[in-house]
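By written order: A, B, C, D and E. Residues from 1 in each chain.
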Amino acid sequence: MLGTGLLQGLAVTAKNLVGSFHDPARLPTLEYPEVQPQLPEAYRNFPFLVSESAEDPMGTLRCVACQICEKECPPQCIYIEKSKDKKPDAAGKQQIFPAVFVIDTSVCMSCQICVEVCPFESIKMDQVFAIATTERFGSLLLTREQLAKPNSYYHQIHPTEAAEVDRRLAADRQAAEDKAKAAAAAKSAAPTPPAKPATGGPAA
Amino acid sequence: MILALLLITLLILASAAVAMVLRNLIHSALLLVLSWCGIAAFYLWAGAEFVAFAQILVYVGAISMVVLFAVLLTRPARDAELSVPAVTVLRVAAGLMAAGMVASILGLAVLTTRFSGAATRAPQLTVKDLGALLAGPHAAALLVTGVILTVALLGAVLIAAPAPAPRPEDHS
Amino acid sequence: MTPAAVPPDRWLELAPLQLRDWVTGFLPASLQWLATGLITIVAILAVFGLLFAYLTLAERKILGRIQNRPGPNRTGWFGLLQPFADGVKALTKEDVVPRQADPVLHYLAPVVLVALSLLGFAVIPFGRHLVAVELDAAVLYFFAAGAATELAIFMAGWASRNKYALLAAMRALAQLISYELPLLLAFVPVVMLAGTLSTTAIVAAQGGWTLGVLPHWFVLTPWGFAGFVIFMIAALAESNRSPFDLPEAESELIAGHLTEYSGFKYALFFMAEYFGMCALCGMAVTLFLGGWQAPCAALECIPSYAWFGAKLLTLLLGFIWIRATLPRLRMDQLTRLAWKFLVPLALINLGTAAFWSLTAGWTGGLQLVRWAVALALVAGPFVLLGRRLSRGVAPRVYRYASS
Amino acid sequence: MSAPDSSFLAPPAGSQVRAVHDEFHGDLLEVSMGPHHPSTHGVFRMIVTLDGETIVKLKPVFGYLHRNHEKLGENTSYLASMPYTDRLDYLNSMTNNWAYALAVERLAGLAVPARAEYLRVILAELTRLLNHSCLAGFLLQDCGCSGTPLMYAFREREKILDLFESLSGSRMMCNFQRFGGCRVDPSADWLAGVQQLTDGYGAFLDEFEALLTGNEIFMARTQGVGRLAAPLAISAGVTGPVLRASGVAHDLRKVDGYGAYPQFDFRVPLGDHGDTYDRYMVRILEMRESIQILRQALARLPDGPIMDPKAKLRGFRPKAGEAYGRIEGPKGEIGFYLISDGSPNPYRYRVRPPSFINLTILEDLCLGHTVADAVIILGSVDIVLGEVDR
Amino acid sequence: MTPLTLCLLLSCGLFSVGLAAALTRGNAILVLLGVELMLNAANLNFIAFWRFSGGPASTGVVFVLFSLAVAAAEAAVGLALVIAVYRHQQSIRLQDAVRLKG
């Protein structure tokens, strides 16, 4: 009969109206500034650079300015200038470091391909999303100093992933040391080559 | 009392006259609506409530709509102004003269006639009385009016409805 | 509006009138009639202005709840100040008038619309003693005042010089003409049964209760129910509410006749829409739901205007509920619904009402026959015409690929 | 894009199209709907010529969102194109990723482990649920439902997006598939979440259908509106639910049997009328089938790796050759055609966007109907301008 | 001048305006509106005489009601004719409507 479909629809909306008062599934709104969203661990926003220590972020950057991320970045929002000199990294090894490392976050599309291709686990995705600025250019162009965040922060936002990365790095370092020892045992005096990861796999 | 009547007169005549002179048909129609409202006000002034409301319902509510619809449906090609084409001066003059003559003859007749027994108090006519009149002495007329309205409605639909088959290509 | 022959009334019932008389008492006698009129106007404006403000809030809240979201809740406690914030926003916004527009008509349209939509309130009896103007032909006055609103919508649409607005103007004209007829035909039975066009007399005709609980409202008779439903459907269409909001169909015509309006003129259109909605619902309450009459004798202690308000709000909430649920009709379906369904039903309903009126003397077993015949006269045409209307439209059964 | 050569195309059903004469132009109203019109689903423009409210001519105009997708693909590495595919049809990044990954895998000869294939099916079907729910919501919004069905659809979509976010890190730009597998192995929690969603989705569909499928106004608005005859659909290259609503049993999941689909038991719903209502209902029924597929996939999800060990992330250079990978996306056949010359970038990168090709029939569907119908017909064709304009 | 005379003069003026419009304007719709105005002028007379005659007869009012109905019918048919004419010759200038056959 004409009208039954209409009445059925009205019943559904009435159910939702009543349900919104007692059933949380029917009122899923998060009242944002008061209630902050629970970000999943995998959540990614813009990249940051991992440094080993919080006290001296510029001195302990993992980045060695290999420029792979710069090349792979789809929108090409990363700009790197290699340093002319070498500087000891966190492990005390002499490394080239990024003299300039800039990410234009107005261009970045948060694809995390830089993270995947980085062989040194030095660039990771941040989770800070309230990043509105009052000006379009300078404050969206993040420099090395703004990008550097300590490993402890990485552990804080991506605990599982960071633990895995640390394990892998430790294993790599161990392997490199073993190799170096073996090499040292074989040839008595030779400078240590820069550490290269054995697997080369992405940060999963 | 007279003042109100004068105001109403001014409203009716001015809006009607301006409406008939304007080139923009929509403006004409809307001004005519004002004129019709003035006529309803006149009926109210005269104490014929029911007729006044009926006037608004019929003229403002229905006829004006039909007029506006007709104006919109008959928009001249590529013309946003909906202007009325100019006609010959002769024709206008002749028309105006005829109207002026009629007006003067009628006016003279009105002014020279002595009307007897001018009532100062409005006759009372309730809706019930009117209904009784319509259903009693004037029942036949009412029926005929109903038939006329129905026939007119059907006729209007038939005339205005587009031809059922797609029209041939040769229209000019 | 004179409390001359007051039945044993309670204090609350007369309170608004006494307040008014107390205020006018300070003025010389020659000015009292003017003051009384002005106070009535101000009271209606204030009450329905506030109702408009909070109706917009209620609509947004209820729509929100139906759509599983909280609705506006930031301005004031539970968003209670939202209407005022909206008003301030509308006032401070730039008023944009397109260069091509007809400036006079563009300006006049919202003003005329609001003015006309307010006229209807004059004859609605809000309470036992609360009616602004007692008119012999009050119902006719009401619909005459309502008939003019469509002109204002047309003016808005045409004067904007916008193709969407023009289409909306055409739609508005066609829609309002089509639904005027069922609206008028739906209340004719009431006039027939009550024997009057006066709203106060129509409400009075619905007074009294059977056994003290069953009110004698017209909606509780077969013809009255049918008339009420037809009236409400036509009222939805007349006030341009969903599912008949074709003139301002936002998914098709952007905002229809409102496309080129902004700021306070836009707000005025909304005000007029809500005023029109309130007036039509108020008229429906008066004609079919017993006006200010209490639903049963025991509840008469509650003042009559409270009952009127409660009934009015119920109908308005129904409007909001329908808006949240139903999709919009198409223009041809809209007119077909009016001319091929509502108008015949209303005409048949006229016959039903005539039958009901003629058989008023039947008692006992004949009473049952009377009800049965009347119900059949209402339900039968509905089913038959409904089947005709929805021919070719049915849920379908689907097949699946054989592999 | 304008008037099709109707010699071999079936004329639109039930339309009495009047010829448009130039000297007669004053009678007709030309309305430019879009590029910013509430119902054009983005920046799409329809130049409609109206006789009253009836459409006698409709000229779609697009390109407002053109961003050189294909040329970008030829100037970046294979991997770098992956996040760009997210932005083609931004509702369905998972299936876009899959189609692109499939093309590259064919080009480079990579094998996908069973677990990754199952995962891809799960994600693709979730995407289908998401897309069809949104489509139903948008369509009903275009019908004038004041947002209620849209909000219900978005309520459910939100749950799927939450799942996507917790798996891939992003709600809509998932960038999840990789050449030779998937990026992340889902946790047991995540799979439980999918199971929970799958179990609850049927109830949502029931409620959604109760809201409007039987609604007389909705049926009157959609039944018989925008009929698409099967021959026209086939000759215009229409795919996906729009094609199946016209009664053509063509579903790449059955035809190609790509991925793990041959291992699942599901049906392909077909419409008999090809009108807007059929397009809506076919999608609703497809969602019910998707739920079945999800149930089976979750129950039988194998263990194992999720990446082909041969797959290389850095320095990926497939040998010279060409490949076409296509899958049944929610909107139709989404395909990527790649030519490799052995360099890190594709020599040619071409997308077959279902939205764009399905849109070509718009004028045929709309002629003889009203403006109000054009809006819902456009809604029922289900386009995303990101994919149309590329 | 008595009110009745004023009323009659008003009606006379309105009639002349309508007549002038009907005679001078070339637009079919305006001509029709002019005829409407003349009808209205007649109605004004009916009401005026009813109001000032002082007699008990209410025939004037009843007649106006019938006249309203007839005016509505006239407008409907007239405008339908205008639309039909427009369909045939793409113009509503009465001077153009010279052919009886479409």
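Simple rule for what comes next: a contact is a pair of C-beta atoms (placed from the backbone, for glycine too) under 8 Å apart; a residue touches a chain by one contact, two chains touch by 3 or more.
Treat the numbers as computed from the prediction; the structure is a model and nothing was measured.
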From the centre of chain E, which chain's CA centre is farthest? A
If you tally C-beta contacts across A-C and across B-E, the winner is B-E
Chain centre (avg CA) closest to assembly CA average -> C
Centre to centre, by mean C-alpha position, how many angstrom separate chain B and chain D? 58
Chain C and chain D, separation of their C-alpha mean positions in angstrom: 44
Which integer distance in Å separates the CA centroid of chain A from that of chain D? 31
Could you please state the distance in Å, as a whole number, between where the Cα atoms of chain A are centred and where those of chain B are centred? 78
Touching two or more other chains - residue numbers and ranges from chain E: 90
Listing for chain D: what residues touch at least two other chains? 24, 26-27, 148, 152, 155, 211-212, 214-219
For chain C, give me the residues that contact two or more of the other chains. 66-69, 166, 170, 324-326, 390
Within their complex, state which residues of chain D touch chain A. 76-77, 79-84, 86-87, 148, 152, 155, 158, 162, 165-170, 173, 175, 183-185, 207, 210-212, 214-219, 313-314
Applying the document's contact rule, which stretches of chain A touch chain C when the two form their complex? 1-3, 6, 9-10, 12-14, 16-17, 20-21, 26-29, 31
Can you tell me which positions in chain E touch chain B when the two form their complex? 2-10, 12-27, 29-30, 32-34, 36-37, 40, 43-44, 47-48, 50-56, 58, 61-62, 64-66, 68-77, 79-84, 86-88, 90-93, 95
For the complex, give me every residue of chain C touching chain B. 105, 135-137, 140-141, 143-145, 147-148, 150-151, 154-155, 158, 161, 166, 169-170, 173-174, 176-177, 180, 195-198
Which positions of chain D touch chain C when the two form their complex? 29, 31, 37-39, 50, 52-53, 140-148, 151-152, 155, 211-221, 223-224, 244, 249, 251, 254, 267-273, 277-278, 281-282, 285, 370-373, 375
